[in-house]
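Look at the two complexes coming up: chain A is in both, with chain B in one and chain C in the other.
On to the complex of A and B.
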């Protein structure tokens, strides 16, 4: 009778610990970045699509205060093994996927666990966002956050800021990325919109459908010809495929404000 | 006496279990990367069901470059729920469109009908023609049904699909199709007809409103040989 009782406890405990592994509340906790509310506002797209007015209204939403880190992405992979480097399907991520990691479940000592994860595709970023109950920000949302200065909502017209930005966009990739939140936060309390990595957005390649080749550097149809950093951003985006994995490209998550 | 001997290990086990669970939570708090937050913060626990279903890919049944690996859930013009994988084992011509589109989409549909006619009649059942809407708010199954009627697109050869914005974007990304909503209620979009083989792999794409008939007939001959 008592032996049976102990056996039951053993089995219950065993089953319970297996359940923990499957549900991964710990993994999810680590993967879930703190968010801040971004109030609704207007953002001016660099390129006007047919029939679009100059300004675009963006509803309020929540955004992660920092980009998803290597450590966080590892939690996602542990819970969703089809996203390991060896198992990922080519249509979702090209050969460069997580190429700076040592192995499937080990980023290795060359990668800072607190630095943003890069070499991740749009599909991987989207799957991660869904797993933590969030989504990728739209490009309009991302740009709305990015145009804020340190003490204002922007648009940030500071020449020095733009100069630095251009320098950064054209700079080579550092050997190892810095950890997130090393720089100052902006007006919204959001870190690293610039200076660390570029980021995926949900509709990253929709900026310029009309056929103006900004992949090559054209400028017809642009609303603000002085906004060179935006050119660089749009140009970069329109050259990407959703399964691209690049060393300077990561992501952060967003969520509807209800 | 024998009973007491059993109670001790049981108690140890329970204490151990409690400690184990507790330490798990502590670790996660410790390693959580959060800054001092000034604005309105929200950390919502994700839905657990959602977590594990999210990337439930049917392992092994599709090749690495098959668009059928997508988890998208679709509804056809008859209101039936379906998945793109249901087109497996057939050749597929697929285009994204919206019913209110006055300019490019009717041209695309017409191009697909012209291509259909170039396929020998005894081979036509090996093909499916699929139109996926990018305008799920307006393109309900009933609207799609009317559209099919207006353009004389007969089932089962022709399927018109609608889905969630999320699934539509994912499919667009897989195909390399670009679209963006404009303020006049329509969409700006690229014009793309994708040819899929029986495994759901893209083997040719006609980009633009002019059909490259040379490449299309080569593609059709290749597809006819394979099936």
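On to the complex of A and C.
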């Protein structure tokens, strides 16, 4: 009887402390990644949509310099308990949600706290972005950042750039993801657009606009038939549902430039 | 008015009778179509094995389970490639069903995959051959069903974007749809698949390879192989059968770019189902053309024991890119069918009446010219090696390859060769007089023929000195007089 009572107190205290933590702005600080300004520019989508010109103008915006980490995502979960693995609704995240974490509030030893969080759905990524006062980047924004080389805004047409990308896309899934910012930053000062994970974008499912065309005969109407990395991204995105959770898929946040 | 009434009755009668007729035809049609009986799981096999023939006399529901998996595997000796596979190996598992079967296809994508994958079976009549219906994320499974309507041999492959990459990395295999009453019984059935690999490094470069986008675009494969790797069908992996046995091969070619000219050296195909279609379309065929994304069924019997080479008769692919396999036939000799070598005489050219005059003279001219142009100081070791390198590149590389590595199981390597380094005189004799039969080089046995080389003594000395000074060999020097001594022995 008394044990039960103590247990109840313990749980109540635990929940209370979580709530305190959630209100603590320190958590939000940890979750809030440094951003850089990306100047406006043009991006060429792989598939032109009806009536659109080949190039798409992208307004300037801010983007996180690295992907959201396990440690950061933990802060979000502590503050938004409906996003724990045990409480999340299936329509928002499938069975693989955070499956590499040890438990609801403990990523565990198998996960590097500074590595990007993966096995997160689009819904979860969107909720996180909102919580930190940001949003997910659009596909056009993401691609605009991704086409930059080390010293230029891109696009990089050289064979080596493409070969390197393809090599990464073909690599096996590592046992444990590396921490963010281990690689060199690009022209904008942004890290890991490639080489670590793929990332959710706000409008990822516009790849589905061509529907089945993306599979099989989907190269018809593409603007650059040799851009295999872009095909790989489109092919990947077109298979995703908003509640998909994959081991090589995470996200970073963006924000309008005012 | 009465006329009109009659016309009405008349047309009603016509309509009714037509409807009856149509429904009768439909009922008959339905009766003709066999109904599904029972459910079974398809047993799939890795190449070169083929699942056993189907003995059912009725169509069934057949459940096929196949897993898309990304694995690092062997492309050639010492060469690895990050393959994408159906079932863990290249080519993918062989699927065998019967015409009329309702195939319930379960495509699983391994949780360790980095890519979505799907399957387009050429045996499917429906959009994408099942591609979009089977698009599957890593760690997921998809199910779709189709009726195997057309009998024949069909390719299947992954068709996720970018399709060429998924195919070039190894995602393909064969599905056989047997006719109602099956194929004629044979003694052996084999599964053979031709495909290309495009790597940034040259053929044979050791280590983990990476896909070359540029070579793919240029349609310039680095490797052309049977069953997924160089040597998958040679030596201890050779296909085996006995004299007089009936052999059926299910041969596919995925490309991804090249059309194949499938040939077995020393055999003639008795029957060929061109394009893997329904009918035997030819008899007594030497070479079968197989389009990229196509297949063929060939049947033949070998009556003489020995080793028969499977090749893509676009022959540089066989000798330089790996498209070579072996079929070893055991049994009693059949000298009536094939005698073997009956005689070996010396032929110098000048002895032969037939070849008098110009040819003989031309030959001697060429020899003199060679000797003159390549007169060098034998004490200048660098000059000797340079000359030897020239001789090597025009005489030896066809078999021993530019890098001296030979071809696994076919032509012995010259790299760090114990056979070469242990006996200089033997090496001189082999270049002068040729060599037939079994040799063991660096622990591996080879059984092939090296013909005598038509080289001057100086050239033999130079080429051997070059070989001894290259490929991490023992840096022996071979002098012209040593070669002359052996020639005159």
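Note that in this section the second predicted complex is superposed on the first by the 231 of 258 C-alpha atoms of A that agree within 3 Å, B and C clash if a C-alpha of one lies under 4 Å from a C-alpha of the other, contacts with A are read in each partner's own complex, and residues count from 1 in each chain.
As a working rule, a residue touches a chain if its C-beta (ideal position, glycine included) is under 8 Å from a C-beta of that chain, and two chains touch if they have at least 3 such contacts.
Since the structure is predicted, the reported quantities are computational estimates derived from the model, not experimental observations.
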| item | value |
| --- | --- |
| Contacts of A:69 with chain B and chain C, given as first, second, both or neither | first |
| Which partner, chain B or chain C, touches more chain A residues | B |
| Contacts of A:35 with chain B and chain C, given as first, second, both or neither | first |
| Which superposed partner A:127 touches (first chain B, second chain C, both, neither) | first |
| Touched partner set for A:163, first chain B, second chain C, both or neither | second |
| Contact footprint of chain B on chain A as seen in their complex | 2-3, 5-6, 9-10, 13, 16-17, 20, 22-26, 28-30, 32-37, 49-53, 62, 65-66, 69, 71-72, 79-80, 82-83, 89-92, 114, 122-123, 126-127, 130-135, 180-181, 185, 188-189, 191, 202-203, 205-207, 209-210, 241-242, 255 |
| Chain B to chain A touching residues, read off their complex | 2-3, 6, 9-10, 13-14, 17, 20-21, 24-25, 27-29, 31-35, 37-48, 50-52, 54-55, 57, 59, 64-67, 69, 166, 169-170, 173-174, 176, 178-180, 182-184, 186, 188-190 |
| Residues of chain C touching chain A in the complex | 70, 72, 82, 111-116, 118, 120, 127-129, 131-132, 135-139, 159-165, 169, 200, 210-214, 217 |
| In the complex with chain C, residue positions of chain A that touch it | 96, 159, 162-163, 166-167, 169-173, 212, 214-219, 226, 228, 231-232, 234-236, 238-240, 244, 246-248 |
